[in-house]
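Structure provided below as structure tokens; questions to follow.
Order as written gives the chain letters A, B, C, D and E; numbering starts at 1 within each chain.
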Amino acid sequence: MSLWEYANPVKFLRLSGALLPWLWGGALVCLMVGLTWGFFFTPDDFRQGSTVKIIYLHVPAALIAINAWFMMLVTSLVWLVRRHHVSVLAAKAAAPVGVAMTLITLITGAIWGQPMWGTWWAWDPRLTSFLILFFFYLGYIALWEAIDDPDSAADLTSILCLVGSVFAILSRYAVNFWNQGLHQGASLSLDKKENVADVFYLPLLVCIGGFILLFLALVFYRTGTEIRLRRIRALIARETRIA
Amino acid sequence: MRALLIRDLRLALRSGGGFGLGLTFFLIVIVLVPFSVGPASSLLSRIAPGILWLGALLACLLSLDRLLTVDWEDGALDLLSTSPIPLEGIVSIKALAHWITTGLPLLLVAPLLGVLLHLPVDGFGVLISSLALGTPALSMIGVFGAALTIGIKRGGLLLSLLVLPLYIPTLIFGAEAARRGAQGLEFGTPLLFLAGITGFVLALMPFVAAVVLRLNLR
Amino acid sequence: MILTVSNLTVARGGVAILAGINFVMVSGTALVVRGPNGSGKTSLLRTIAGLQPQMSGQITGAEDRIAYAAHSDGLKAAMSVAENLEFWSSVFGGPSIQPALNAFNLNSLASRRAGHLSAGQKRRLGLARLMVTERPLWVLDEPTVSLDAVSVSIFISALESHLANGGMALISTHIDLGLDAEVLDMTPFKDLAANVETSDQAFL
Amino acid sequence: MRALLIRDLRLALRSGGGFGLGLTFFLIVIVLVPFSVGPASSLLSRIAPGILWLGALLACLLSLDRLLTVDWEDGALDLLSTSPIPLEGIVSIKALAHWITTGLPLLLVAPLLGVLLHLPVDGFGVLISSLALGTPALSMIGVFGAALTIGIKRGGLLLSLLVLPLYIPTLIFGAEAARRGAQGLEFGTPLLFLAGITGFVLALMPFVAAVVLRLNLR
Amino acid sequence: MILTVSNLTVARGGVAILAGINFVMVSGTALVVRGPNGSGKTSLLRTIAGLQPQMSGQITGAEDRIAYAAHSDGLKAAMSVAENLEFWSSVFGGPSIQPALNAFNLNSLASRRAGHLSAGQKRRLGLARLMVTERPLWVLDEPTVSLDAVSVSIFISALESHLANGGMALISTHIDLGLDAEVLDMTPFKDLAANVETSDQAFL
């Protein structure tokens, strides 16, 4: 049996119906465990004090924000090549989640920046490229909203997603060139020396897992909603034709 | 008249989110400023009040273009002008709808963008009050410009050209008040002048705009 | 009520194209304006509707009584058929839109977006708008364009009941509407216009 | 294709001076800057290169709106798409016409406005070359955005929202080069990157824009 | 040359509105498409002209042979009549515009701005455009709208000489053109369409 079977909306609904309780449950457990552990059972950092605990929201949200766009890119490509409706609807469903995650990253970052750098905002490359990503999300969502015909909206937003990705990468390099910045480097690298201490690391991993599950749950749920909306549309179309 | 306002707001909502977009343009212009002048925060905080005012003005301007043109192109304005609503009412409602969809949202996000441009903390209150006082005048003047350029294909740029000089007094006093506020200086006088201009514009412009519209519909 | 047009001269771009137009219309009658392409029908109707200034002459009894309908119907593509009608109804004081929907057979299309209508359906909606204005004098520029035979007869009966209720109608058309109405031919007025001085006379 | 270019230029000339207006908008935005940030010449000369780039970008943006919409509304685009000219050709010509009517005039007046903003003398050459290299990319990206938002009433603002993030790399390298030039620093690298981006955009964008246009015409 | 349409299904908004359309046209013939408002004439013509994708079926022999004309004539108000025609002529390889001006009686209007034409004059210009394309297959959506009787007969004779030169024409209309041509009625195709699954079938 091929994976493409689930490109059929009805099959997909059945699958997501079966998966969703597990995803919601897993997300809830992981987030509760991870956040409680992180917030209450880790020591304060010797330099950053208790503000370091924002990391449990900030880093997972940042990861999801980037990867949601990446997922949209892949599913958009699948739509353009194989024209499976579910695929592009998943992209449509992921966009608002991505934008929310981007906002969470930006807001937690800003809150963190105030004690750490003495400012809410700095034009650091990492921060700046997130701001740009935010605009790409907004444009993508606005284009979906503006076009009536769902199939041409799907085509056009998919192309926007492709072109946007190319330009997002270009912007990333441009921004790096333009300003060197203050932000932390990647600290979850495999090179153990650069990583944050284990006491912070483990709960962070649990939180990241929780966010991933939450993201999946939201995307499955919202894709289901989009499918049902299309279904209502199809039903109305059929009814009015009979009338 | 209520019906017209409701229709305009509804159309703004429907056609790709007229509400969000003026706003987003403002947002993006402000965000582009550091890219163009460089990221140094001292520089940014010095130009912040002025740039925020300029951005608000441009966002207003950009959304003026189709304010009346859309209704003119599909003949709705012809029909409205033969309806019981007086033209003065029509232009006032159009300005109000424009302000609600553009000016008001700008006001609400201006503080956020102030943070991005490192606007000094003291400056926020004055910035908001100056925008609140000034943007209604921008909308009303804009409707006048839109009435002038109705029926001119690609009138968008001509409209900007006509309207921008009219915006200058509002801009000067608004930006001056915001700048003084940010630097902790006295800001009462420019704010007062700004209020005066807005009052004057709101009182007289509807009549002028209606005359222009009547001439243009003929 | 009476519409009186006396000694009207209609101009386009400063040049008179129709002159010496005189007619009187009374309640319950229709007047059909005919003439070849470019003879000035549209210009005449727009002048009477007040959308274009006359060069000279008087029009009395038209003010605030006119419902005008031309090629551009002022429909908003993003709003549904019912919403479009409701908007116009509330502009004109809020009569119910149901009679208009019934008369023009639009009930089944009421919730469809105006942008998704066919040419003839759009035109039907544009004509239905006339009914919700509750204005006595309909000024119609080629109202039956794009309409099929059934829709034309729907329109004619709506028009006839409007006339029977004391309304009036001024209609330009190229086809025969089969309406019991007087005909106003543009040709003589066009000839008269040849003798009228242009508004730029002072420069000559 | 030549016929299309000539027609577009002629229309731009006729309909209220498409040539002059992009330009005048640029001019007015630049003139408004001293009003909004204050007249101190040291401050102005520091932000001059960036503001000039930003102004050029906004002037481009503002004239994009009706680039394809006009032809779409009156059915000309339907007819063109059934004509022997390939869609790739149509979008390229549109971009070229847009550049000639907007980018080129901007380039010519930029030095003048540089004087108004106290741009350091050394900076003029680099500013012009960066604009010359960058504006073609702005026009081509703009056509892509216009193709996306064709048929959306009041698409103007949506167009800005879609296009502005795409403009960021061009703006960064262009403004960076101009800024470095004005401060007497090395400017070769950003200029090179800018040329790279423009080359890339001009090579690939026509095909993408044509695909989008084809989808939208259906 | 031959245009073959086989088993064509035409859809609007993902719902089939016409199905099972089969016909063959050969050089020198015209085909008149008829049907009530909203029956899908415009949609069929747009599909054949390639302005709208078909839901299923084949169209052969249409590619790069079609000159399409609908309500919006693609005229530029700021350019003169002659300039408008010249533009289209040069897009299509540059035939002279004089025959088209003559055929549609536009010589006296040649230097007038297209924006200053009356409805019927505009339409005549839109039809004259067909001649400068030198395309064999004319696809015309209600071409005689706004035309007076004289202009209609001008159009008919232009059409007949196009057919006599080996051209073809596919025309939707509500009025009788008095043309010697086969008629394609939309009603049966509409009934067939009722049984076609929507493109959103997968969602049901």
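By definition in this document, contacts are C-beta pairs under 8 Å (C-beta built on N, C-alpha and C of every residue); 3 or more make two chains touch, one makes a residue touch a chain.
Keep in mind the model is a prediction, meaning the values are calculated, not measured.
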Partner chains that subunit B and subunit E have in common: A, C, D
Most distant chain from subunit C by Cα centroid: A
Chain pair with the greatest number of C-beta contact pairs: B-D
Geometric centre distance via CA averages, subunit B-subunit A, whole Å: 34
Euclidean distance of C-alpha centroids - subunit B vs subunit D, Å: 24
Euclidean distance of C-alpha centroids - subunit A vs subunit E, Å: 49
Centroid distance [mean C-alpha coordinates] between subunit E and subunit C, Å: 28
Of all residues in subunit E, the ones touching two or more other chains: 13, 71, 78
Contacts with two or more other chains, residues of subunit D listed in rising order: 15, 73, 152-153, 155, 158, 161, 164-165, 168, 172, 218
Junction residues of subunit A, two or more chains touched: 135, 138, 142, 146, 178
Residue ranges of subunit B in contact with subunit C within the complex: 2-4, 7, 10-11, 14-15, 71, 73-85, 217-218
For the subunit C and subunit E complex, residues of the former touching the latter: 12-13, 35-38, 40, 42, 71, 116-121, 124, 142, 145-151, 174-175
Residue numbers on subunit A that touch subunit D, as the complex places them: 132, 135-136, 138-139, 142-143, 146-147, 152, 155-156, 159-160, 163-164, 167-168, 170-171, 173-175, 177-178
Residues of subunit B defined as touching subunit D within the complex: 12, 15-18, 21-22, 24-25, 28-29, 32-33, 35-38, 43, 46-47, 49-51, 53-54, 57-58, 62-63, 65-66, 70, 73, 152-158, 160-161, 164-165, 167-168, 171-172, 175, 179
Subunit A residues within the subunit E interface of the complex: 8-10, 85, 149-151, 227, 230-231, 233-235, 237-238, 241-242
